[in-house]
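Next come two complexes built around chain A: one with chain B, the other with chain C.
Coming up: the complex of A and B.
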């Protein structure tokens, strides 16, 4: 287990480094950063000045090393627009996005895993078809449109839920559903497929031949094995939700990382965008690392060599 | 005479398929006593496995089981509810399957899976279950049994896994064990060990054993009684001596012609082969199922359903219109 964890962690660090290089080069992708910083119509002299002050005249590898060193120490740069430290703004917004992501994932799992299991127990039954319909709708409907429809019904027509802000738990209901529903189809179908495969396996027959109760067979013996691929998928989807909450946070005006990203794009706040990309990517990498560890815990064939 | 441990009367399985009703198991009647080994032999697809699953009530959902009687130690189980059957399975009647590589749950240790079988049926503590598991693992010839309990199935070889499966079947001290081709997936050297083991354990624990196999060499060594199955029906049923010594049904003779016998089959001699193929079992088939391949077939064979009958009065029954002495001339050698 330890060997596996160390190996997997090493890979995670390598991927994180690669992402940091990509994130760093974003600064150069949009042209000469010195010109961008100096602003329109500035003289050649001003540009050279900026270049020297900000250190853009140094070799690129030195600049990267310097940037990485700072990033590792929590210094992600300075926002030219907000005139403040990027890291502090990001970490102020991150908890909101995490909370939203967690609620959305929770909603998705609570809806999709039971539906997937029931659909697998009675394949091609009415409930299987209902589950399939829910999945198809979830896959086909754009989340922004779903969000707007919910606002129209629950906030405007029936006046049950607040539309914007993060004042109470009620504010998180619609965004969580809108964000989570999009993930539901994949998780449900994977659960169903996994359960169908496992339920027809020899060891389930063995479990029944031992006289185990149907619930024990279903949950202890079948779901435990069928859930393994779902764990990986859920971790990846959680990462998508953190990054993909841009649309949802914008619609519901939730002051999270996604909303910040959208604002930064509008403001051309490059250091902020760069830092958000980096933070989300590193987050994503460690989510997959965490999922692998969880998989190893669930599947002894990974854990015990 | 003591009561049979298992008595099955007129068991049948039917499965709806697009082209009609498939009848893979028909008119199966059998009984097993304590300490007795009944071997069911027949070629692949003749319904041996379905027969055993039907007795355990573990058939696939679509399959329909009918029977006049399925009695375990006198208790009628043919209409038993799932709840009752679950109490019986693994407790009074256990099954060993032919795929040891996939029959254990990969997510749990050997110890967990063994203990679970006992604790489901008996009010014992975790420690008692553990002790029983170690005792039985040693019984089935696994060394360092205590340390095996913490291992996962993927850490064990096929032979070891099948030994674990056997130990699992014995956890509750069942009256009857059904072993469905327990050695098919194993190396030849391991096959013999596992079979000897089964025979020993059966003796020691005084259980009934139904062994399903297509290996006639195995049958000759350990069977008390033999049932020959063809196309969903028993065609011959008797003691090992009766069936092997004086086979009555032309199909049984065919089966015996297909295997080499040490000392009897001379080097270079061609083994027999039964021409033709097994008939489709979809729909109702009147008459003898073997008629299309039988060298002694007559007009009567396909007309009427042929009951099992006792030719000699010694319990040697077979499903043929001819008498045992009439079929003696049948030979399949050189037929192919």
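Coming up: the complex of A and C.
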């Protein structure tokens, strides 16, 4: 287990370093960052000044090392637009996005696990087919359009839910559904496949032969084992949702990281963009790392491989 | 044929039985036409494809032509005196004919979806097949690249890069194509791994075929069906991403009639004129659903285990 963990952690750190190089190089995508910062039509002297003050005159490798060193110490740079420390703004907004992600994941799991279980108990039944149809239809719906359609019905036609803001729990209902429904088909299929496999195994037959109640067999014996792969899928999807929340947060004006990302992209606030990409990626990398560890802990067969 | 005949002349009976059996082509055709999802997907996609190709001919108006005197005319099914057959789907806030914009928007969605899928397909298939065929170190490196790519949020990176390099149709295609090759790589890798140890590959190696020959002539034909399925999934994915990018204002730029952009432009008017988001949204939904159904159908129809 320890060897597996150390190896896996080493890969995670390497991936994180590669991502940091990629997000650092975003600065040079649009050409000379000094010209971009000084603004259009500024004199050569101004540009040289900017270049010296921001340190763009140093070799790129030194700039990257400096940037990484600062990032590792929690200093993600200074926002060009907000004129404040990037890290503090990000960590101020992060909890909202985390909360949204958690609600969305909760919605997805509550919907998809029971559906997957029912579909596995009666494969090819009406419920199974309906669940699969919903999955196919759901995956074809653009999330932003789904969100707008919900607003149209629940907020405008029936006046049940608030459209924007984060004042009460009611504000989180529509965004969570809009963000979470996309994950449901995957979780449902995995639960269904896992349950089908487990239900045909010997120990389930033994449990049934002992005369245990069907519900006990289903939930205590079967679901426990069938759910293991769902744990790591849920972790991975949570990471994806944080990245995908940019669309949903923009629509519902939720003041989280996604909205911040959109604002800083529109303002061409490069340090902020770089930092958000870095933070979300690193978060995802370590999320999948912990998911793998949890999986290996739950399922001893994985540790050997 | 009777039993007596078959016992007397078994060889002839077998030939007759084989002749009675439908040919593989007929069987394939039967499976295709018997697959409801595949047929629905094919018909809808075909219709949208025709809409896109014939857009310049069948559009009743110029999609860019603004007539402010005729703005926000509702579609014909709307109970409004303003609804007119001259604009069957109504007009937008600038008085542009919505039906014509819808037809021309189909061109953009299909073009971006297909081109981005092609780019990502070439990248993903190349590295996936290499990883699956050579294994070992190559596999480790590819695995690392795929993990790195997966850890970066697609929408965010696409938005950031497009905003830095400038948003145009070509740029959107390239950015999406360079971002979404991960599924191609993962699936092609495992498909190649399954095929590469089969006997015909080993014998090709034994005969002394060159590696490119083995990959193109022996392996590729046998993983082609998974490739086609992934290609449809990624085309749908690219279309949805383009719509999201355009919706956020960083994809296709006005006045181009991208469906995502049409929804974004109508967002402010959805309280009063909800058809403005319903129409392009439904079109987008129908297109993506059709591609997904077609992909699922192709998988079912071409899978060897469904041949009997």
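FYI, the second predicted complex is superposed on the first by the 291 of 305 C-alpha atoms of A that agree within 3 Å, B and C clash if a C-alpha of one lies under 4 Å from a C-alpha of the other, contacts with A are read in each partner's own complex, and residues count from 1 in each chain.
Here, a residue touches a chain if its C-beta (ideal position, glycine included) is under 8 Å from a C-beta of that chain, and two chains touch if they have at least 3 such contacts.
Because the structure is predicted, anything quoted here is derived from the model rather than measured.
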Problem set entry | Which superposed partner A:295 touches (first chain B, second chain C, both, neither) | neither
Exercise. In the superposed arrangement, does A:49 touch chain B (first), chain C (second), both or neither?
Worked result: neither
For this session: Could you say whether A:232 touches chain B, chain C, both of them, or neither, answering first, second, both or neither?
Result: neither
Problem set entry | More chain A residues in contact [chain B versus chain C] | C
Exercise. Which holds for A:30: it touches chain B only (first), chain C only (second), both, or neither?
Worked result: second
For this session: Mind working out whether A:75 is in touch with chain B, chain C, both or neither, as first, second, both or neither?
Result: neither
Problem set entry | Touched partner set for A:152, first chain B, second chain C, both or neither | second
For this session: Quick one: classify A:164 as touching chain B (first), chain C (second), both or neither.
Result: neither
Exercise. So in the complex, which bits of chain A are touching chain B?
Worked result: 201-203, 205-214, 216, 221, 224-225, 298-301, 304
Seminar exercise, completed: chain A partner, complex, touching residues on chain B are 56, 58, 82, 85-91, 94-95, 97, 99, 102-107, 109, 116-117, 120-121, 152, 154-155, 165, 168
For this session: Mind listing the chain A positions that touch chain C in their complex?
Result: 11, 14-16, 18-19, 22, 26, 29-30, 136-137, 139-145, 148-149, 151-152, 156, 239-240, 242-244, 246-247, 250, 258, 261-262, 265-266, 268, 273, 276-277, 280-281, 284-285, 288
For this session: Over in the complex, which chain C residues touch chain A? Could you list them?
Result: 144, 147-148, 150-157, 159-161, 163-165, 236, 240, 243-244, 247-250, 260, 263, 267, 270-271, 274, 277-278, 281, 284-285, 288-289, 292-293, 296
